[in-house]
Amino acid sequence: MASTRVAVVGATGYTGEELLRLLLHHPAVQLTYLAASAKWERPTPVSDVFPRFVTHLGCSDLLIEPLDPARLLKASDAVFLALPHGEAMKLAPALVEAGKRVVDLSGDFRLRAPSLYPQWYHLDHAAPAWLTDTRVAYGLSEWCREAIMKAKLIANPGCYATSILLAVLPLFHAGLVEDNAFIVDAKSGLSGAGRKAETSLLFSEMSQNLRAYKVNQHQHMPEVLQGIEQFTRRQGRMTFVPQVIPVHRGMLSMIYLRTRATLEDVMAAYQRAYPAERTPFVRVQAGRLPELCDVVETNRCDIGIMHDGSGQLIIASALDNLTKGASGQAVQNLNLMLGYPETAGLV
Amino acid sequence: MASTRVAVVGATGYTGEELLRLLLHHPAVQLTYLAASAKWERPTPVSDVFPRFVTHLGCSDLLIEPLDPARLLKASDAVFLALPHGEAMKLAPALVEAGKRVVDLSGDFRLRAPSLYPQWYHLDHAAPAWLTDTRVAYGLSEWCREAIMKAKLIANPGCYATSILLAVLPLFHAGLVEDNAFIVDAKSGLSGAGRKAETSLLFSEMSQNLRAYKVNQHQHMPEVLQGIEQFTRRQGRMTFVPQVIPVHRGMLSMIYLRTRATLEDVMAAYQRAYPAERTPFVRVQAGRLPELCDVVETNRCDIGIMHDGSGQLIIASALDNLTKGASGQAVQNLNLMLGYPETAGLV
Amino acid sequence: MASTRVAVVGATGYTGEELLRLLLHHPAVQLTYLAASAKWERPTPVSDVFPRFVTHLGCSDLLIEPLDPARLLKASDAVFLALPHGEAMKLAPALVEAGKRVVDLSGDFRLRAPSLYPQWYHLDHAAPAWLTDTRVAYGLSEWCREAIMKAKLIANPGCYATSILLAVLPLFHAGLVEDNAFIVDAKSGLSGAGRKAETSLLFSEMSQNLRAYKVNQHQHMPEVLQGIEQFTRRQGRMTFVPQVIPVHRGMLSMIYLRTRATLEDVMAAYQRAYPAERTPFVRVQAGRLPELCDVVETNRCDIGIMHDGSGQLIIASALDNLTKGASGQAVQNLNLMLGYPETAGLV
Amino acid sequence: MASTRVAVVGATGYTGEELLRLLLHHPAVQLTYLAASAKWERPTPVSDVFPRFVTHLGCSDLLIEPLDPARLLKASDAVFLALPHGEAMKLAPALVEAGKRVVDLSGDFRLRAPSLYPQWYHLDHAAPAWLTDTRVAYGLSEWCREAIMKAKLIANPGCYATSILLAVLPLFHAGLVEDNAFIVDAKSGLSGAGRKAETSLLFSEMSQNLRAYKVNQHQHMPEVLQGIEQFTRRQGRMTFVPQVIPVHRGMLSMIYLRTRATLEDVMAAYQRAYPAERTPFVRVQAGRLPELCDVVETNRCDIGIMHDGSGQLIIASALDNLTKGASGQAVQNLNLMLGYPETAGLV
């Protein structure tokens, strides 16, 4: 594989750090430019910022520097944007126009209707025309490989959205969801909140705690409903209770829905959606629900199915919010865009 | 308040330890006999077993000793049994016959039908006639104070059962639950599993993990359904997904059900069930879901209600599995039996 | 016991919260005024700020309000100051002049030499004359009860200082420390850093981490050396390596020093310093080192001693940094000042 | 690199699991045989035992099976033994005689004097002649590469021993340790205790705890002293206080010793011992002490040095007890034995 020059913008957050963890070992990628925000104080060796990346791989002289758009353009062929919401929408269009492949890990290009941004992201979109531009693809890898391969800008899905869509799309696609309604009781590790200085995220607040937040108001909710509509042409109805639990990484969405189908029909729908030979990162099992430890630090989504015999389905969808829920899927999408094997650099 | 001589049998488990924590400070109780199982090696000062109970309260010369039924009878007026399932059914009847007040924290007297024990507890009941004996009361304090006050033997409810029943009984009572059906996505601290040497409970297995277990097969399930029938004469239908999360203590049951009632009607049902002046340990709030840290080390159950406006209710019921879910409610029940203030020794 | 009207200023931090936990149950204290800082937004019921303090004790209508010095003076007879360093030095003198008993939990009155403040606290002292005022006492309860009983303002010791001084003073007093030198390898729970919005204290940063900080530069270091000089007239030499570990509360100082004394001589020195009947909160054991769980949520300091037979002593001193290391000792000191039993409200 | 057929015996413990994590991605290794103990129930796919190793790498059909020595011999060229103490001494000699390269991760071949085994391991050695056999080498990679390259059986060092020896050997070698004496205050993650069903290792016991154990009695103590003698011809004197803290993996040994050397001399000794180009896995820094998160999941040992200017050195040596402290160093040693690059398969 030829090597692609890759930049990471937002390298000091949790998803940025996870991108480094993956890309330092990617066989066809050369990290050439790492930026924090423009406010970052001064160029700093990556091994000072993240000593665990001191390495014999020859990358220890990489610097993390204040974002300089001109240097970014010059130094990279592909760019990961791992910035807070509202930042990528200002940067990405120019990068695409300049011929870069871009994977954006924020929510800035996920929703197609500009009018949704004020409600769900509390901001007006700075580049609304791009939301429906043909060069942009939603990056749920298993469901839109072809679009991703042709796209220049990937809207990498949200962590909750990935775990929920991978679990419910096969059932919606097969028309097996009664009333198109489902309930999601989701639990996330605290890295999902980002490396932010907030007292509610302190060790002392959370080490023995569980907290629900943004009930039916989380910004991944319209993303899930849009995804159901995009991939199955159905209108889903969702009850969504996100919760944080005292783990660093990992996410499990417990999904409740009713069906008239048998377990066999349900499993057949999953097998059609995720043939083992084509979807190495999705595993579906009947009768066993995954634990977080089954997926942490992998790019897999593990889905477990239980059917109570009288119409109630219980679906557990587990993934690592930093890997398949963010940076791992972002690398998977870069692989697709660049024509590399989908699994390059991923486990 | 006159002082009652109290014994704890099973003092070395988590619920036994919690009983000690509470009873050492109870204004009307004198701890006079502490036993582990009959296999416990030799009498050991409680302050050697639990150094945190070294205390200036004058109890540090208490011993924990191998269970000796004769000494138990002689030394106590009231007995807490905090033993594994299957043990209390052999001990409690004789204690009651000897005139002791008994609070059993196991499942041994919770289910009224002996036939349920093989299925849910994997044992045949050794004293089936006692399950419906008039001297026995189910100890869900807020729902059967009168029965508890008259009883000699209290079947102290399970932790999940307490958190679920306190949350759903007012709605079943008012007939507000569509199809009498509800879903419980419950998360428990690991102390709920007891102080047992099992690799699945090791720090290294659980410190960054979440695990569902006994889906629709947990022994608190028939207890909940029996409680709904006992207190509201309705037949509930329950989907139950218990999960362990990496906290020591605390439990949150997230309950999903559909209703045709408005939020006002729902709250009115709770207020009728739990008038503030009579139920100091239950608090119900609309619009805010409790966190674990709101209730840990208290005897309270905090219930939060959200209504999505189109028929879906989300109810979070939080308590400390060792306190209101076990030993605290046990003390509350002893208070009721002995005519003490219901809150004596509890916060 | 007559009841004293007590105020807590700084009620929303970890030591303030711990003061509430203790004082809500203190038999001779009535909480009459709770303030955060002057920047606190608006009066808020304590049960909204800390739902776990919803209580049947009749205190749930207490408010936490923005600090108003006039109201503070009017509403209280005794005041706990639980503020960041630099704040109490501005408030305490006027409170004392107005006849209040004051316990300050910050470092503002701990060091007697004003010149030490710029170096160790990075500030100039605003009331330097008070550092040696006769109305001020250093509040290491077990070592200066008489001074505390006469004082108007207590400089409540630091958490590390308490754990170290209680462990080494008996040996310095008896002249058993070779070269007067000792090494302290101390581990603290993260609550010691306060409820501060800093990324280094996030759950995700610390949940699987250990970090040394302020090596030989921690502000409790001159406090320890001053305490050794004050109580034993000796000049100690200390190597100090404080570390944070992923627990919420609890502190263990592992102390290494050399001695020519036998273990019997060493234990005799401790027994003279801490006779069981007079020092209910200090326990010393030979041959067993305490664990954190032995002391968490108690006001005790547990000290374990091991002697290797060739001159090396290993001393583990464990306490709860929020209780004996801060708020518990503060209550103990208030008890002493007010003539209450030293153990009132404490376990 | 040609591919070597590798077996792991003891694949279900923490060090066995870590070997799988590393070897699944090793460029020159083919895993051909995985065994638990002979008591393991039946052959089970590795992806059922460890779902996180479900993988697209083509290894998901690997089985973990009850140990069958005949199959082990037939299926492998090199063998990792990751068994409890006392087991490898029965297996390893025959494997070596049969021409296999063996890396033993237990303590069975670490101590050269058979007489030490009853005292430190509580067993009589079953193959005492092998302790000094020329085919055996102690596997502290950085200090005996040549011996390892020639050996057939590697005694892979203990985790504490690795972290301590890497830190003190350069100073002993240079003669910079006053009185040849040092103190080690070591903190280990709980995986160091192995995947053992013991109540003292439960999440509920340890999640907010710290516990010292085997003070001056840990079996890595004679290993450290032997290593000092072997590599520097000096007799060290060691005070050793191992402690467990609530993390899964990671170890930090805080070492205190006195020296007459300057910091420059000290650093020069380290630089001579660990030239960057030859020792990619050891990093030494003055003035900054490593945190656990700097090394977790890497094969590095990070050493930080502070000198107080008056003779006291503080040395923090951090590594991952499962990687550089066990399985990572084991792979490093296999690489040396087989002539692969020392860093193959390691980061």
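In this document, chain identifiers A, B, C and D correspond to the written order of the chains, with residue numbering beginning at 1 in each.
Criterion: a contact is a pair of C-beta atoms (placed from the backbone, for glycine too) under 8 Å apart; a residue touches a chain by one contact, two chains touch by 3 or more.
Please read these numbers as outputs of a predicted model, since none were measured by experiment.
Engineer: With chain centres set to the mean of the C-alpha atoms, which chain is at the far end from subunit C?
Structural biologist: Farthest by centroid: A.
Engineer: Write down the chain pair with more C-beta contact pairs when C-D is set against B-C.
Structural biologist: C-D
Engineer: Using mean CA coordinates as chain centres, what's the gap between subunit C and subunit D in Å?
Structural biologist: 41
Engineer: Determine the centre-to-centre distance between subunit B and subunit C, using the mean Cα coordinates as centres, and give it in whole Å.
Structural biologist: Here the centre of subunit C sits 36 Å away from the centre of subunit B.
Engineer: Would you mind listing the residues of subunit A that make contact with two or more other chains?
Structural biologist: Each of 189, 205, 207-208, 246-248, 291, 293, 296 in subunit A touches at least two other chains.
Engineer: Taking the touch rule as given, give the residues of subunit C at its contact with subunit B in the complex, in rising order.
Structural biologist: Against subunit B, subunit C makes touches at 24-25, 51-52, 54-57, 207-208, 280-281, 283, 290-291, 293-298, 300, 302, 343, 347.
Engineer: Which residues of subunit C touch subunit A in the complex?
Structural biologist: 14, 189-191, 195-199, 201-208, 246-248
Engineer: Where on subunit B is subunit A touching in the complex?
Structural biologist: Touch residues, subunit B against subunit A: 183, 185, 187, 189, 205, 208-212, 215-216, 239, 241, 243, 245-250, 252, 254, 256, 289, 291-293, 296, 306, 308, 312, 314, 316.
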